[in-house]
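Two complexes, one shared chain (subunit A), two partners (subunit B, subunit C).
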Partner chain A sequence: MGALNYLTVENASIDADFVQFCASHGIFSVEDFLVHDVYVLVASAEKLSNSDRLKQGINQMLSIIETWHQPWVSGQVLLEDREQNKHCLSTGCKSFDMLLQGGLRVGHVTEFVGPSSSGKTQVCFQVASNVAIKLGSVVFIDSGNSFSPTRIKQIVTRISGSVETWVHGILQQAMRNIECHAVFDVYALLNVLQQLKSSLESQAGYKVRLIIVDSVSSLIAPILGGSNAQGHALIASVGYLLKKLADRHNIAVLVTNHMVSGEGGTLKPALGESWKNIPHVRLQFSRDHATNIYGVYILKHPYMASGGSANFTIP
Partner chain B sequence: MAKAWINGNENARQMLSRVLKERPLLHLPHPLHRVPLGVSNVLEIVGPTASAKTEILVQVAVNCILPKNRKGVEYGGLEHPVLFLDLDCRFEIYRLSECLKLKITEAHRLHKTKDSRKRVDFYDEGDLFMECMERFRYTRCYDSFEFLSALKVLNHKLTSTGVHVLMIDNIGAFHSIDRGFSSLPQGNPARKNIGLQTMFEAVVQEMKKLLEPRSMIVLATKTVTNQVKQSYSSRVSGGLKNLYREYMPLTWQSFVTHRILVRPLDEKTKVSYSAEWLLPGLSISDEFVVCDTGILDLLGR
Partner chain C sequence: MEVLRLPLSASQKGKLISAGYTSIASISSTSPSHLALELKVSENEALEILKSVSNGSRLQSTSSSLTVVNGAQSAWDMLQEEETTRVHITTSCADLDSILGGGISCKEVTEIGGVPGIGKTQLGIQLAVNVQIPYDYGGVGGKAIYIDTEGSFMAERALQIAEACSHDMAEYSRLYHKGPQACEVKTMQPKDFLENILYFRVCSYTEQIALTNYLDEFIKDHKDVKVVIIDSITFHFRQDFDDMALRTRVLGGIALNLMKLAKKFGVAVVLLNQVTTKYSDGSFHLALALGDSWSHASTNRIILHWNGDERYAYIDKSPSLRSASAPYSVTPKGIRNSSSNNKRIKHI
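Now for the complex of A and B:
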């Protein structure tokens, strides 16, 4: 990321002598510099003849690492950013929006967890269609080939009314707004997210309102288990990448997590302990097969009490 | 000479006022207030996910940023700046601002009922709110390098005097990512092997430097997971302490001066929680609930 050699071009104080001085302490990159004690470096620079020059270099390094972390902001600035940029995206389903006080919040990672056929993917389609019609771009990352354009068409037609020709224009616009990526492993997911990040940063007019990963658990679950430490590192990497995209570019993120049978036959989320810590909001889905009524229940929310619930139907 | 040594150079009152001034105490919200925190203390709030850890930080933060009193109105705050390092990247400012507003209105209401005859001119609520919110500083980190650079820059830049309260919401956030680093080859024998160990040695070193010349209190949360396989001996002897898996490097563990364990009492409903001090070890468990106004004692409700 930050080899010292590359910094010599833009920073006058970081010259060949300084790079050599750092190398003698085993510092070759900015990361190496970060794990070193600055006082020790200053003390050892003072013993050398060109100490002033070296100390300038150390100061230059300190101002470089200042750009490495997010700036400190006051509570007031944070609150203003929240009020101006972190709105709620309506899901298009009334009881759902009521439960969540407006919908999916921009900047949050929302998780749907539930057994199979409990309505997770259907609600994803519903939200995607509603956002694509009314607000803008949706990135749909599909890991199970479950994305269905026919179903999206149905939902868009239902939301926008019945006039055929009028619907056609809306339909085309909505379909154009949904970008679908089929991914089948976690590395492909990271790749798609990284590319998305770089296009959001480099292309001026490019804007995304919603990212859906359906389902994140089917990508991560296979690499978990046993003494495999890599799996947990990948969970955290995916989680932080999603949070970064959500906060920086004002995007709402929606992920789904399926359920597997745990001890004693009770169902438990496929991504357990180490994933739990990642999403802002966790919603549990259930379905009453006799009446075909779906239920949603708040497991975790940053400012609402857990336990709230709502029912909905999928037309 | 010996007499001069015996003669005190200040009386108890002077000493008390000096000590209390230099070492202000910070209390966690009731009923977690059993152990007061002083300058240079490092408190670790341990608990599984969704056990009201961040909520405790929010309540302490509100208490810190509120003033003691303004124009005769008692707000009961400490007037200390708060530095909030969010490693979980899940902090919700709305929760803090709502609690702060509630506290301000409550203080005004109490003042009115106490002095109903006297016409009081209040400090404008909006202005006071803004003043408090300015005392709260926030940054988020997406990896350990960002965390380290934030600490390093803080060391370099933070010059203002007075007590600062540093909050770290979840110190173990990057644990699994950092653990993966240590297997990478470093290519040069002189180079430090970047991994969990080195990272935390550097973090603790930077934090020690932050604490030394300044008056600072550190509060850090740590999310723990259930012990995967409980050995027989730990089940017999350990009790609660070994219910959760300790994963932080020893460097961090020995840096912590105070530790409190919080956990939900009922896994399903998640309305009431229990808290127990592990360091210093008090074998009393307190129960509390979280509601809109903050943390309340379960018994006092």
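Now for the complex of A and C:
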């Protein structure tokens, strides 16, 4: 937040008197000015001798601020952005890709929901390996010590074919592209996402294509509920950060969630109503233990009908 | 006001706030000379302020490769690490070890559940003894923490298992360590085994929560602990809990604590769980206790069950192991491979 002193250089009406007047109200930066009630400021300016100059200064401030906020964009610009930047990341599994019409979309937050041992983490590994080999780097945020490098090695070897020496070079390159970070509470998660945001904003060299959070429910469940509403505020912060990262930096975000029992003994996704609206795409996983076939079912999608489903196996 | 949290002197903080810098993000994006001009301090001081800001927000970087987020490790480094350090605790049953990929893995939380009498406590005691097998004999050479909530730990049984283990180690040493090496490798006496099992008895759920929080400090002081066994995690949470939502939250918190322990100190955490009946699809079947939300608390899950007259272990959930099943038996020497004379006695 810029200090008011900066503005004195370019704008005549924001002079030392104005800065002093603002300081007397506890306003030292642009942020403070925005938070303060403008009418109260104008009213107190009236009482002073150089009220005209001060009111001019206030108006100047407001007009400067007008030029700084996010611009309105037309649908045309959004469509161009979508065609050029927001591609689909293939998951490596044909039936899954067909269900999602191409794969995980960059700029969307996709959620995998399912009961325990229904294949969510395995599909996350599959997608991570696929993206790491072909497209760019992957950040895997793991809250349950379930990241297994040997399993990733198996999947990468399977995807890239069986030519020995060639595979070894690819293996090292692909595995260097996947970064795993272990977090054990929601504040650590927020910390990691903030760091990611600031390093993506400052250095354009990193090509992060995919962020996986496995699983967001085990981080948030301990603080959700009870007498305070802090849990809901934290869910909102996590959701906001993930969506901002996805949209601004052209990254696909994948989170996993588990299920809890709802009415009538059926299972419903955990984290309740406040989380329900945050992911763009929600997919429900199931597994048939007898045949080892996994099924995925669309619960929510921005432009596809819900109810579509597909089956696949993970070798 | 995030700048108030920084380790700076009060006058520096005052100057930062009066210049309009209230959040860490705003400071970290300026250059030192700019900051020096703004705050009217020397450039060295501005540099120091920036350094303390970046130290405060940076996590410790452990890997050599460049990562986007500090503190992350690339999968390649983790693979190299995993392939070079021995990270499995054997269960003394060859079939079980083979489906587990060598044994119970350190750095992960494994949940083992089953009907009463299947051998959960026996497996727990066996692991507490096996973790102490020295490195030369193929073990990890560490101590064990045994947290008993039900009172089912029997020191005499532990002594019996330790004697069998010590006997097996002596056999191994006789067969494989011939020549001058035989004198150097020391054998462990059963008494030594018992000395290295650190036992806690917990009598209520508050004690259990307190103990999980305390384990962090405890393991820092006892760095050679390699396994934490909780027998059983369910006992105090099944009865007398009025508020189910509170129970879920508390269990979620415990699960995260144990995960953190496993990752931070590289210990294996073994949780023994009980079973309950669930009604679904028109029939009753057995499922592990503590509900659906607890089923996500462990990295691996093994279910022990009867199959006819034999005891079987089945891997229900694992990110890296295939689902498989293996028979085992409980003998006077501990957990061993299944053989025909260890089956369940039929009640007439």
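Rule of thumb we're sticking to: the second predicted complex is superposed on the first by the 251 of 315 C-alpha atoms of A that agree within 3 Å, B and C clash if a C-alpha of one lies under 4 Å from a C-alpha of the other, contacts with A are read in each partner's own complex, and residues count from 1 in each chain.
Operating definition for what follows: a contact is a pair of C-beta atoms (placed from the backbone, for glycine too) under 8 Å apart; a residue touches a chain by one contact, two chains touch by 3 or more.
Bear in mind the structure is a predicted one, so any value in this text is a computation, not a measurement.
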So, A:F28: does it touch subunit B (first), subunit C (second), both, or neither?
both
Subunit B versus subunit C, judged by how many residues of subunit A each one touches
C
Pick one for A:Q101: touches subunit B only (first), subunit C only (second), both, or neither.
neither
By the touch definition at the top of the document, which applies to A:Q20: first (subunit B), second (subunit C), both, or neither?
neither
Which partner does A:N277 reach: the first (subunit B), the second (subunit C), both, or neither?
first
Which holds for A:H36: it touches subunit B only (first), subunit C only (second), both, or neither?
first
State whether A:N85 touches subunit B only (first), subunit C only (second), both chains, or neither.
neither
Thinking of the overlay built on chain A, is A:T313 touched by subunit B (first), by subunit C (second), by both, or by neither?
neither
On subunit A, positions contacted by subunit B and by subunit C:
28, 30-32
List the residues on subunit A that touch subunit C in their complex, please.
1-5, 28-32, 115-117, 121-122, 125, 132, 137, 139-140, 143-153, 172, 175-182, 184-185, 191-192, 194-196, 198-200, 202, 206, 208, 215, 217-219, 221-226, 258-261, 265, 267, 270, 292
Looking at the complex, which residues from subunit C come into contact with subunit A?
17-23, 25-26, 28-29, 38, 57-59, 65, 67-76, 78-79, 82, 107-109, 245-246, 248-250, 252-253, 255-257, 259-260, 262-263, 279-280, 291-293, 295-299, 301, 316-317, 319-320, 323
So in the complex, the part of subunit A that touches subunit B is made up of which residues?
23-28, 30-32, 34-39, 62, 65-66, 68-76, 78-79, 82, 229-230, 232-233, 235-237, 240, 243-244, 247, 273-274, 276-277, 280, 299-300, 302-303, 305-307
Partner subunit A, residues of subunit B touching it in the complex:
49-50, 54, 65, 83, 88-98, 130, 132-143, 145-150, 152-153, 155-157, 170, 173-174, 176-177, 179-180, 188, 190-192, 194, 198-199, 201-202, 205, 209, 223, 225-226, 269-271, 291
